[in-house]
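Each of the next two complexes has chain A plus one other chain: chain B in the first, chain C in the second.
Showing the complex of A and B:
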């Protein structure tokens, strides 16, 4: 462009990190369009008896499998005529009006067609989306989830990182593998680490679906999340599933007393080359409605692993916030993304998280990296452990609850050490390859795998296979811990096993407190209705958030 | 570990016998839709422990580490029962979430289906895996062998949709 003499300012700007990011203009035909594409269907509904026979301009006989599922299971047919008759703008205003309660908003939003929901979202700017989130999220108290992974699948480091993350306040944690056959050990390490750090921590092992279900049935994990759904029929089939197979899988999880949520996100259909010219938000609304129809309690969305796509188009990050809001408006738990690297710019990284962090969501991140970026096996998160003090400062600056707490170095060292020793004991009891005292020490003080040695990988993998073959369960792990003096951790694992008998955490937006009490949208529903209502930090919680150890104390000056 | 597996098998057998003989803890009939359970009883693990027991009838409070160590309680006791899934479904309904209740209803039926068979049926429901007849026979199996009426109808519905959208085994994979 600038062929003549260059502006020094432009030269400087071109070398800023943001110029390494991908940006692209709107491209309607391939679906590179955030929200409100001219090719999106126009809202309509026609009902005969108790069946929807036309939806968004399409007759029932022409419905894709997705449209049929959504029409039959996700939309409240009884309320639909009244709700669909309301104006797009009128409904958008209800969502931000503090005088209209959440239940009334839910009643209307769950009776709309996908195209109508999309129209409502198009009427909201980003601040209005955030205002609506504050009122519409299902559970009153916000929470946070992290990733616990490393490039070596080092079990001792996983246990130590899991314990530290739980101590820092993450109520859920998710691992995945570098090498698939390490999967069983990763689940075991996270179970021991998570329960050492904080009794009640929910943990999962994101891998192939049948494996996830199996380790869940064994009690080595307590929930699952990577059960993907898509917004077009062809992409859904490429993913080797249908709404019926995924609903059956959801029921299978519940039949074993396991919590689960689906996963979807804007941009996945574009990325797989089959968006049918529809906007990303419209297709994502179909995914949210499939989740609703399946009777699954919640959804991980907010573009997730496709964030580069909405992140590149105009109004894309507004659409990502809107998809989180739609999830809340359909009365589902939301684990709201922020879990994948999408920008080289620290400013953009932070801005991308504000719409979820400031209003609060059930799980603001569906994967804050509890390890350094190089050890994150989900391809890097938007925030990682090296950003932790920035995050704690922002909570304090704005008096906003992001679910995390300042911790002391000695407490972190102590809990990491305890988790590493607990896993050492479990490995020894179950006859797995020994964990040396040196490995325990290295994991206690490590920043990441660069500070830790190598395991005998072939031996570990053989033992991991044996773990599956012999049917090791959470009960066996608890027994091993109790025998070796880690009685409190053993009690925690039994507490988690008991959850699957009671089933309380199958309800919407559930997390487990240290005494085993489950809090969810049933007993902690969001009651926000304007200033002075809704979630407010307790005095004790605010004292905790304020107390970043590196702040100068007035009494010391 | 072999000892654990024997214990597990023994427990499963006991559980199956109990359900066949109709004396496996509380019978589903005692939890009709008139159980009167609502969101006010939640969480059951705190407020209504009296309603919770393992599939072979061990009370919730006895599912402890001590009893695990003594061998009185085994892995199979940490399993949700169809009765409790029904209660959780009623709680979800009373909180306005009818779809969750439907899912938990199917889940209650699936508690009786063995792990391996569940995974097989899931795979059969994936696109282009089964003929219509195969899906209908799975539905019949669910209904007659496991009493899973709601899930059976769900599979029959899938068979119809798969036929209409050409997602059965042998249907050409759409290229558009």
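Showing the complex of A and C:
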């Protein structure tokens, strides 16, 4: 800052929202560095028999447990000598080249060491990363996920918001809590709301891992995502975990027919003070490879809750896009972030989302706030419900499918009301603290918790505890709904429970359509190989995207 | 289950004291001044599991109130301690403070505090302000109340954390401390929080056991 007479321009610039963001310089020694740190390992591999005995300059006897897991389970040893012999630039060019098919890219990328993958990413600029994403994502049709939360954990509002979000097109929705003990009610409210809004909506309750598994097994949620993995041993140990224990948890979900993905992201290790001097992207590549090695179908990454860290350092958002791309290159589903506030600047917020929105990912957001951000209990998402019409406009401006659709006010009011009444009936049938008609009305028309009253929280918490103790399941909820005239919602819940027996939605990148059909990388694989190929909006979908209600129509003027 | 004779004796004594119409320690609300001077923390040796059902154990991080003097938004850590003490004391209970060296993870700090607490209730606070109220028999990554956003935790919230912890210790089901949510805290503070945490983590000593502290406000 100048000490003498101030420039009026600089005074204006200093007061722009972007100046409220935290920007920090790189700090190589602790790993406050986005990608390609001078302290990252150099790529190398040595194989004896069918075992990797040296990886990225380290001998097997010196491996950390993470390196051992990655070397043993996440690298295709048979293809490794050939793949590792290719130049970094050569592989980077393969990813961008429309004449090299996705399967060939997968064959090479799954046979590289972590440091080699990092080197390949360092050779791509942001547009090249986006080009590669368009080809490498697993499923052809892009999709979107939202957060449904509120600061009061108000169950009626959660149900209404869930229903509206499902109507708007989110194929997955995730809740979490302000108060952990509200968890069972949040799961229940989202189940009822999500299935009211659109049959087939996948819902989850991001909480402590054992609790998540239990509510999933009971049919109160249909997938899980917050199973976190980390890139350094010390962070893993701090969480009382290992790659093997996480794999065990993953198999527990699979054995019960429940979809699940892991979560990781750049910045988490350095945020926890344990990056051991490695760059954020290098450590994230280890996380992606742990996920691959564990046999899990997908990963939520894109920094996620640590986005303020890569968001604060040079080339950080490029690293965030690169981590999404690496996930795709290992043939995994990606729920690609954009789910946390990271900037006061609308320009930076939008720019941060373009690398995922324009090429399309399996789930462009892994949490678009379906409520105003003041009610977002993931501490705010990069986009919230107040940005919805901007989002719909951008889909229309660029003819890009962000997974959402314009909706009418009447339809939103009707679906919110129905979900609130459905939850009211379930609470009544199960003997939980009553939901009044006034609460139903307030939730129907509310913008957020500022428009809604307070519930008796201690009473709700006792009832939530009872829900867990008494072993209430999705079947009980369906029975209550059917008995009280919400037969269609009841049938949707039963349909979701039947999916666990069929197991189709355990395939990579699966979502469930309204008629119960599962679409995944198996029956809807990405076939992009240049202009004129890959995902294209259907005519009906394009008409839907075009029809924003506030556009002036020539015939009306 | 193993019966600890010392614990049994203590419970009997407490029950008798209650029956006699008085609690053993300050049951009147303490009017703590908003700002105090400094705080002196003296290590008394390795901390152990307590037996006093009227204590709440507070675990603080390796550099709390030594290298770090304030939270991420500049609230003096001496004031933070004073308010947590006041919150607990106004419920007629008292605080025992331990300093944790082997971790700077607030979930494990607070869970350790709960496990060492005679009441089974513990609090963990990081230097930057992040806090948790924990209970002995919960899983480490669960909690009774979590205050994850250090930039929105003010002194009244710290006092309310103490008050609610004491209420849980008494077997009550208090209304959770109202959650402050500032969606713009992350853009402003997360990079800084990472810096602060790396500084704090440099004071960790994985081989050093938690130490009991005597606390005197100046």
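Assume the second predicted complex is superposed on the first by the 556 of 557 C-alpha atoms of A that agree within 3 Å, B and C clash if a C-alpha of one lies under 4 Å from a C-alpha of the other, contacts with A are read in each partner's own complex, and residues count from 1 in each chain.
By our rule, contacts are C-beta pairs under 8 Å (C-beta built on N, C-alpha and C of every residue); 3 or more make two chains touch, one makes a residue touch a chain.
What you see is a predicted model, and the numbers here were worked out from it, not measured in a lab.
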item: Which superposed partner A:20 touches (first chain B, second chain C, both, neither); value: second
item: Touching partner for A:357 - first (chain B), second (chain C), both, neither; value: neither
item: Which of chain B and chain C A:210 touches, first, second, both or neither; value: both
item: Touched partner set for A:503, first chain B, second chain C, both or neither; value: first
item: Chain B versus chain C as contact partner of A:120, first or second or both or neither; value: neither
item: Winner by number of chain A residues touched, once chain B and chain C are compared; value: B
item: Which of chain B and chain C A:245 touches, first, second, both or neither; value: first
item: Chain B versus chain C as contact partner of A:151, first or second or both or neither; value: second
item: Overlap of chain C and chain B interfaces on chain A (superposed complexes); value: 210, 240
item: Footprint of chain A on chain C - complex, ascending; value: 103-105, 108, 139-146, 148-149, 173-176, 179, 181-195, 197-198, 200-202, 204
item: Chain B residues within the chain A interface of the complex; value: 1, 4-5, 8, 39, 42-46, 52-54, 60, 63-65, 68-69, 74-75, 77-81, 84-85, 87-88, 91-92, 95-97, 99-104, 106-111, 113, 115, 118-119, 121-122, 125-128, 151, 154-155, 157-158, 161-162, 165, 167, 173-174, 176
item: Residues of chain A defined as touching chain B within the complex; value: 64-65, 68-69, 73-74, 103, 106, 210, 213-214, 217, 219, 233-234, 237, 240-242, 244-245, 247-257, 292-297, 331, 470-476, 478-479, 482, 487, 490-491, 494, 497-504, 506-508, 516-518, 520-523, 525
item: Partner chain C, residues of chain A touching it in the complex; value: 20-24, 27, 30, 32, 151, 178-181, 207-211, 238-240, 267, 270-274, 306-309, 311-313, 340-344, 373-377, 379-381, 384, 457-458, 461-462
